[in-house]
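Multiple structures are listed underneath, in structure tokens.
You will see chain A twice below: alongside chain B first, and alongside chain C after that.
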Partner chain A sequence: MNDASNTGADAGMSFRNLIHLAGVGKSYGAVNVLKPIDLVIGDGEFLTILGPSGSGKTTILRMLGGFTPPSVGRILLDGVDITDMPIFERPFNTVFQDYALFPHMSVARNVGYGLKMRGRPRREIDRKVADVLAIVDLADKAQRYPAELSGGQRQRVALARAIVCEPRVVLLDEPLGALDAELRRSMQDFLKALQRRIRTTFVFITHDQEEAISMSDRIVVMDHGKVEQIGTPKDIYYRPQSEFVAKFFGENNVLPARLTGSGASPVAESPLGSHALLGPAPADAFSIAIRPESFSVGDAGTGTAGQRSMVGRLESLTFLGATTQLVVRLGEGSPHTVKVRLPTPDLGNGIGIGKPVPLRWSDADVSILVARGAP
Partner chain B sequence: MTDLSLATSGAGPMITGTPSPRRRQARRIVLRLAVYGLPALLILVPLATFLVYSFWITVDGQVVQTFTLANYIDFLAKPVYRGVFVGTLWLASIVAVTSLIFGYIIAYLVWRLEGRLRYLLLLLSVIPLAMNYIVKIYAMRSILGYNGFLNWLLVTVGLLEAPSKQFIFNQTAVMITMAVIYLPYAILPIFLSLERISPSLMAASADLGGRPGQTFRNVVLPLSLPGSIVGALFVMVLALGDYLTPQMVGGNQGFTFGRAIWSQFGMAFNWPFGAALAVVLLLSVVLIILAAAVISRHARVK
Partner chain C sequence: MTATERLTISLLWVIGATVFVVLYGPALMVVLLSFFDITREGIDWGSFGFQWYGRLGDNPQMLAALGNTLLVGACAVVLATALALGLAYYMKTGARRGRAFVEFVIFLPFVLPAIITGISLLIAFRELGLERSLITVTIGHVVLILAIIYRMVTIRLDSLENSQIEASLDLGANGRQTFFHVVLPQLRSALVTSGLLAFTLSFDETLVTFFLVGGDATLPIRLWAMMRVGFTPEVNALVSIVLVVTITLAVLGAMSLKEAMARK
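Moving on, here comes the complex of A and B:
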């Protein structure tokens, strides 16, 4: 992970550094749930920590929030070490997975709880609670109890409660997990709009790739207690650095590659031909990835630099609606096939199963993957 | 496999062999009678007997079976019985409050523990439930008595010059003994009501800036109090009806309503009046249980 991908600068966004997780790791006895990570979170950034269950993503959140102390490393806020600061003093607020609304308090008292704990005057509490309830569109539910609200409304109460104290960071622990698909979609839009509006750093935990891609400024992809990649959604999607990341986001083509060429000008040899490697090769044998939609079909035009072509044989064709998926064997007798996704209207008449298909793609769309398990 | 085929192949002849609908109906009624009737017989009939007795009267030691409210009027008119009744309610309330306070402290400390120690301590605190009630009273007697542990301790420490007779055979002794004996009945429901509080609620409170004391006052206490009060009311019910403890550690001063009832049956041989007192006690117990039900339902709605 280089510095550029850490701060989001490569996406044209610039955030002032707010939080620095410096070599933070967690183990319970001999079980290492999070290998030490280095992560800088920008001020005002929407950062998503994405991974399957057991990947260590919640552990990061719990350490940030102060619920669990890290085993190693320090957590810095504005350069100040807050590793040992107790939960109730941290200027962070959390939206819990189960919302954790106080069942014996009305919506207004739930939302005002943080202000009350900080000893704010009654009038200020009332005003701020009313303001924030208006933001989450629950002004008319102020006197209701959590049990009388729907799942989506409870979700918004939890959100209101977390932002009313104007925390430096809002931590969201899979907050959309319990909602149905439609509500989930509208809450995603709502959350993103809210984050832009209040310009507060959001650290969002999810296992849903689409959610991560559509909402985040940057994504931290985790697996088995280890950071697989940190980058913008486009980075993660089109420039995966590991096989895990390449396969985690939808359909992808992962092909084996071998290192040929000399040390000064390494070349990757794969079923898609040979590609000059820009950086050092990860290993003698590794993988490359290319998205199904990065292919196009048609006769090779003028040989633009970096444009490639190859004639394969069509094995199957699946109509998916707006797009159609083709499985193309890379040459006669080749053990390798690729999935190709084309907009349905682009399908020419010449395409038929068993017939040759001229594939075209760009060198820039081919990602070199670090072998799984390598640092 | 064989069972399955037997069942399916047996379905055909079974239908023809089934008893007529009417006989089946009759069998169901008999079964229902057994299911509902047996508890009714064992619980309701004795109660009903009491109720009926309470409306009769004794004349010269003989029960006269005429309907009269004389026993109830007697109870209301005689300051002695009214006084004993109010005194017993008061005693049971103090026992309940004491059990609530100490039970809450113990249950809270056990609840805050983690791992195996927690359940070990919980087990230890409720193990007296498995002990014989009489044995527990004797144990308390040996602690509170003139030559008991408490006096020995106070004399040894130097707080008393000589053993005191103030700890036994009075109302306070009854109160202390009941509170100790019934404490486990309070600890268990209080622990359960604490256990029902989701850990994420306490995490949320801390996350929102609540210090441990604030979290206790604003989250833990309000959420566990209804269940705890129900536990205390349960103790109150037990204390109300107890006549052995007052008799064994209360001496002359420890005259409670339970003993009054007992004396009507066992000494005065005035069963109708004893039954009327018992009905009064039963009604108070039912009222307390209803209060407990209202409290727990109210707590659940929120």
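Moving on, here comes the complex of A and C:
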């Protein structure tokens, strides 16, 4: 389990701790939908909870919003226990997956609803609604009804409605799921820019890896009701800690490894050779991962510390446009192959199927993966 | 167009017209007759006028029966709506145990033979020591129309996403505010439509009423009693008025339903 206190600090960002999920878990009878997790959310952070469906990500969001009470653990806001606080008293607002706009109210009344329920004066409501509608670029649609808007516009109304009350946290439950690819990308940019502008904590749920990587300050990767890894997008991408995370984001090479050496100097033995383990030794048998783009091809430039090389045999070559993907067998008769991705212009003339390929990589690019199911 | 096609279409028109006449002929006949005197020789076509409508005003028994019917209908609809609304919302806002059983009990009087419902209610009221009166009739009508209103409210509530209620709470509204600002406005058309329908049912309900009615008769009971001594033409006038009112209500109900569908 990851250390819960690394609130983005490792990426040079510093957020004041805002929310602490302390050992929060959820089970329905014997079914454990979320194993107890520890998670600290920073003030002003864009935190993404990422996982396939059924991974427990929505459960976390619903517990934060107060829609589902946790079975165990406490939720703290600024150190104050809010676990049992009713939904309508929490200073959080939610953008629902289906937007949940009120169909019988105009856009302006939808957006002003939260302020009205809090008993704000009419004048203030009108002003704030106008301001926030301008932010989401819907000022001209104030008197329309939700049924008269496009999907993207409804989405922005839902967003406006969630931020107009100036909540401490905006909870977003896969809000881009229903949009087409192009709109989705522009909404991603919009959301990120909005979050920077209003400096409010966003907790964003998605199952889309690219979305998570491009938008987040930190990502919580979930699978089967368990946190697989918490870290910055670069951490998650280049330093996965489990096989699930390694394989969840794009192409990756996952190779089996064994522990040799012992005590103070554990060594990992893999098809890519042996390398000293810096951290604590994982189980006897585990995996390592290295990204296809972390390899380069060529003989030159050896001698740098941590640089490795090995000659493999080219099995196939696929032109992908800007890059070309190679599948290289690691030595004659070896059962293991790796995918290598090179910028197409870097391909030399000597490369051909069946010919030897000199591979180079750096030890620093190899991740040690804790075996699935290990603590 | 071939001859066969032309023949088929003509035939369909004839069938359609026949059905229309059979369905609406008697009603139209009543309306027609309400404007004429009927003598031993037949209809006196020269007597066209509103005389029977005028006579209706002089018949206090008939007017009292009409008033009773309207009163019972209005009270029964209001009571049943309040009950159905509360129950349906309660069932909506959580996984309630016994929901299937409660719904079964609600729908039972609607499918049971009216005579069973009538006798059961009569026995129940007697055991409770409740005198037969318009109150017992009203309670009986509530039992009958509850199912309709409950069903229509439930259908509408089911199409209302839970996320809307959650969104309302999330935006700082408590349960009561959520009900009045988010839930109730969206139920309005369902309530109007089911209310009109239930009122129509209550208006001409005879069998159950027959067991529960005391000294004050409702209109169907009064008409039934008059059958033994023969109808007077002012009955035609009364039925014509009822027909016009019912059609107006039905059109209003349909319009409110259509408007609600368009919004959705």
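In this section, the second predicted complex is superposed on the first by the 368 of 375 C-alpha atoms of A that agree within 3 Å, B and C clash if a C-alpha of one lies under 4 Å from a C-alpha of the other, contacts with A are read in each partner's own complex, and residues count from 1 in each chain.
Criterion: contacts are C-beta pairs under 8 Å (C-beta built on N, C-alpha and C of every residue); 3 or more make two chains touch, one makes a residue touch a chain.
Since we're looking at a predicted model, the values are computed, not measured.
For the composite obtained by overlaying on chain A, chain B and chain C cannot both be accommodated without a clash. By the document's definition of touching, neither partner reaches A:196: not chain B, not chain C. After overlaying the two complexes on the shared chain, residue contacts for A:147 are found with chain B and with chain C alike.
Of the two partner chains, chain B and chain C are each touched by A:88. When the two structures are aligned on the shared chain, A:67 is found in touch with chain B and with chain C. Looking at chain A, you'll find residues 65-67, 86-89, 92-94, 96-98, 100-104, 113-114, 117-118, 145, 147, 161, 165 touch chain B in one structure and chain C in the other. Of all residues in chain B, those touching chain A in their complex are 198, 200-201, 203-211, 214, 218-219, 222-223, 301-302. In the complex of the two chains, the chain A residues touching chain C come out as 65-67, 86-90, 92-94, 96-98, 100-104, 113-114, 117-118, 145, 147, 161, 165.
Partner chain B is touched in their complex by these residues of chain A: 65-67, 86-89, 92-94, 96-98, 100-104, 113-114, 117-118, 145, 147, 161, 165. Of all residues in chain C, those touching chain A in their complex are 161, 163-164, 166-174, 177, 181-182, 185-186, 263-264.
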